[in-house]
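Next up: some structures, all given as C-alpha cells.
Next come two complexes built around chain A: one with chain B, the other with chain C.
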Partner chain A sequence: MTTLSNQGKIDISCWDGTISQHEFHTAASAFAERWNKFNAALPQCSWVARPKSPYLSSTSKESCGGGDDKEGEEELSCSRFQEDDFIDGATMLQNHDDASHHYDFHVVYNASYRVPVLYFRAYCSDGRTLVLDDVEKSIPAISAKLLMLSKWTFITQEDHPYLNCPWYTLHPCGTSEWMKMLFSYEPAVDHGGVAVAKYLVSWFSVAGQVFGLKIPFEMLSSIGN
Partner chain B sequence: MASEPRKVVVHLRATGDAPILKQAKFKIDGSDKFVKVIDFLRRQLHRDTLFVYVNSAFSPNPEELITDLYNNFGIDGKLVVNYACSMAWG
Partner chain C sequence: MGSKTATEAQKYVWEGAIPLQIHLHESEVTTLPPPSPALILAPRIGYLPLLVPQIKPFFSSTLPPGSDTVWFEYQGLPLKWYIPTGVLYDLLCAEPERPWNLTVHFRGYPGNILTPCEGEDSVKWSFINSLKEAAYIVNGNCKNVMNMSQSDQSELWRSVLNGNLEAYIRVSSKLKLGLGGDDFSIKLNTSSLKYRQSAADAEASATIKAGRIPVRLYVRRVNEDFDDVEDAPLVDNWDKVSYINRPVEIHDNGKCFTLGDAVKALLPELFPDKSLPNDSMSLPQVEDGEGSALEEASDTGSARSPEDTGESVRECQDSCSLSETADVKLIRIQGIEPKLEIPFAWVVNNLMNPEHFLHISVYVRVQEPITV
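And now, the complex of A and B:
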C-alpha cells in the first residue's frame, strides 16, 4: 500500500515498493523532464499517455538517428486527465544507438505488479530485428550475468501492450522488492517521505544498468524532498 | 591540488539477509571505478549477483568513478555502499 500525500511523497515506513498509476504518471513526467534536461547527449525521452483506446502518437519512435530527435516535446496535453478517467497505461519512448545496433526503450506501467516495466527491442541499421541471442551477445552485462539481472529479473518476450508486436522486457516480478530496498536508506524518510518524482529515476538506475545506461547524478539531486 | 588520487573511505553495509563482512571499512583510490567495490564484494561474499546501492535510492553504474560517487553521495567523510544478496519473492 502506498500512502500518497498531497505533496506527492511516499511514506516508506509501510511501503511495498509499488506505485499507483497516478504516481507513475507523476514519476514519468519528472523522469522525462530531467532526462531531457540533463542527458542532452543522448536521445530525448518523450512521455506519452495512452487513453483507453490506444493510438500511435505523432512522436512515435521510428527515428533511430539519435541526437537530432525532436522527441523532447512532451505530450503533456495528452497526459492531463481527470481523476475518474481510466487510462490503460503510459509509455515513455527513448531511442538509443549502440554502434550498429539500435535500441528502443519503452517504460510502461504494469497494473498487475504496480511497477514500471522496461520494454525494449533491438534492431540493425537495416531494420532487421535482433533476436535475444544477438542481444545477449552485444550487451556484456547480460551475457556475463554480472549484474543482479539473473537473480532479480529475467528477460522475457511479451507483446507490447500498445504496439501489438513482441518486444523484450525485464520481467517485473522482483521490481517491488528491490525498489523497496533502494528506498530503505533514503535520508528523506525523516523529512516527510520520499518524493514520488524520484521513483523512476531510482528505478532506471537499476534497470538501465543492464544496458550500460547511466543516470546523470543531476537527475537525482534536482528532485527536492 | 595534489597529483596523487585522493583516497575515499568506503563503508560497506549489509542489508536484507546479506552476511556482514568482518572488514567493512576500507580506503580506495578516488580514481578507481565503482566496479572495484562490486568485485571486492563478490569475492568476499562468494556471490556473482549482488544488489548494490548507495543512499539516495540509487544504484551506481559500475563505470562511475569513486570520487564522483563520494562527491554526490558521501556523508560524514565516507561513502556508504549498501549491498543485498537475495530477496524473498513477493
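And now, the complex of A and C:
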C-alpha cells in the first residue's frame, strides 16, 4: 500500500511505487496542464471524465461533467498524434502508402495494480486500424525501445476499460517497480517526499519512450517540490 | 482457496456445466443439407475457445476454404472469449436458456470488437495473466505466480482444462492466495453428517484477514422494467454492460463483511444512504491531510465502519436500499442468486473462479429521466 503523507507527497523511503485513484487524479491534472503548456506543437491532452456509473446515464460514452462524478473514473486522452510527432532525432520515414497514420493515447488508472496504464491505438486517415506490425515498421524507434523496456513492460491488446473495444496497452505489472526506481533518483526535499504531481510526468518519461515521445525538460522542472 | 480439500460448494462449482447448442453461422455453410448443431456440455469455469476441438468435427466438412479464426456469438452479440463461460451465461441469459443457443463462426473475426484469440494459448495466457493480477491484489506482488515451476504451471492449467478440482487445489494451495477462513462454513458444517467435510472447513477457522479481494463485476443495464427476469431485453451491444474490474477492500474491524457489503462497496451510487442529503454523497473538499482516509475509501470502494473516518460516510445498511432512478434487479454468481447476508469470505472461498477472481453479474434497471 502506498504511504500517503500529508501534503500530497510520497514518502519514497517506504513506497511501493503505486498511487491511489485520488493521487492519479492529482498527478494527471498536473500532467495535462504542463503538457498543454509546454508541448504546444503536439496534440493537447484533455480529461475525459467517464461517468462513474455509466449504467445510470443513457449515453455512457458521453463525458459527465461535475456533480457526483467528479472523482469517478477518468482518463487522460491525447488524440490525433501523427508520425512526425514521434521524431526521435532521426529523419522522418515515409510509410508505404503515403497515408498518414494517427495515434490516440489514453491514460487510465488501474485499480488492481494501482498504477496508470497507457492505452493507444493507431489508425489511417480512412479510419482503418493499424496492426502492431505496421506501427513498428513505421516507427522503427519503437522496436528498439521495446526491446530495452521489455523487462519492464510489453504491449498487448486488451479491451479498453471504457470503450469496450480492443486497444493496445503497455502491461501494468512492472510499472510500480520502475516508478519506485525512478523516484529513488529524485533528490530528497526539505519537506520529505516527492510531489504526487510529478508521478505522471515521470511515468510518461518512460512510457512515452516507446513512441519516442520526449518530455520537455520544462515539464519536469516546473513541478515544484 | 485456503483449505487442502474441496468444500461441497467448490465441487458443485467445478462440476457446473452449461448445455450448449452451437449453430454454424449460415454464411459459412457450404453444403446441403446444413449441418446439425453441435450439442456440447461447457464447464462453467471454462472458456468458449477451449471447446473448439470438440465443436470443429461437427462442421469441418462444410466450412468454406480458408484458415480458422473462431469466434462465438449470442443473438448477434460477439462473445468476449476471456470471460468464463458460466459468467457469460449468467450475464447474457436473464432467464436461463437450456440448451443455450450460440452461433459459431470460423471466418471473419471481428477484430474491431474482439481482441485476438489464437486458441488455447491465448486463453491460457489470459488465465495466467488474471492469476497474476489476483496475486498482485492479494499480496502486493505477483512473485508467487511468476516463480511457479513450469511443471506446476502446466499442471495448474491442465487441472482447469480438465475440471480436476483436486489437482487444482494441490497446485494452487502452494500459491498462498487464500484469504483465510470463514466461520460461516464451520457453522454450516457442524450439523453436516459428513465428518470429512467438517474437518476440511474447520481448518479454515481463522477469521477473514484484512486485505484486497479480486472481483470482476458485470453490470447489465436494462432500461425497461420487467417483472419476470425472462422479459429482460437482450444485450445487443457491450456498451450495455459495464465491466468493473476493481478489488474489494476488507478491513479487520471485527464486523462480519457480507456479500451485500461488497456489492455496495463496488456500486455505492446504487445504494445511497437516504439519511444523507445529496450534497454529502460526493467527496467533501478536504485538505490533503484529512482527506487521506476518505481518499482511500473512494479508491478501492471499501466499506468502512463509521468510526474509521472523521466525516460521515455512507453507512452500510443491512438490506438493499434503492436509489430513485436505478435499482438492482438481480445479483448472480456461478448461476445462483446468493442471499446478500452471506459472509463475503464464504462467497469468495467457495464461488470464485480458478484464476482467483470472483465474478458477479448484476442486473440494474434504470429509469429514463422524464424530459419535459
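Note that in this section the second predicted complex is superposed on the first by the 172 of 225 C-alpha atoms of A that agree within 3 Å, B and C clash if a C-alpha of one lies under 4 Å from a C-alpha of the other, contacts with A are read in each partner's own complex, and residues count from 1 in each chain.
Operating definition for what follows: a contact is a pair of C-beta atoms (placed from the backbone, for glycine too) under 8 Å apart; a residue touches a chain by one contact, two chains touch by 3 or more.
The structure presented is a predicted model; accordingly, all values stated were derived computationally and were not measured.
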Exercise. Identify the partner contact of A:Lys198: answer first if only chain B is touched, second if only chain C is, both if each is, neither if none is.
Key: first
Quiz item: Now for A:Pro116: first (chain B), second (chain C), both, or neither, which partner does it touch?
Solution: neither
Quiz item: Between chain B (first) and chain C (second), which does A:Phe183 come into contact with in this model arrangement: first, second, both, or neither?
Solution: first
Self-check item: Touched partner set for A:Pro161, first chain B, second chain C, both or neither
Solution: second
Self-check item: Contacts of A:Cys173 with chain B and chain C, given as first, second, both or neither
Solution: both
Quiz item: Which parts of chain A are in contact with chain B and also with chain C?
Solution: 16, 173
Quiz item: For chain C, which residues are in contact with chain A within the complex?
Solution: 80, 111-116, 132-133, 136-137, 140, 142, 214, 219-221, 223, 238-239, 241-243, 245-247, 267, 269-270, 281-283, 288-289, 291-292, 295-296, 298-300, 325-326, 364, 366, 368
Quiz prompt | In the complex, chain A residues that touch chain C | solution = 1, 4, 6-8, 16, 20-23, 52-56, 58, 60-61, 67-68, 70-71, 111-113, 129, 157-159, 161, 164-166, 173
Quiz prompt | Partner chain B, residues of chain A touching it in the complex | solution = 16, 145-152, 173-174, 176-178, 181-187, 194, 198, 201-202, 205-206, 209, 212-215, 217, 220-221
Practice problem: Under the touch definition given earlier, write down the residues of chain B that touch chain A in their complex. | Solution: 13, 15-16, 48-51, 53, 55-64, 68, 72, 80, 82, 84, 86-90
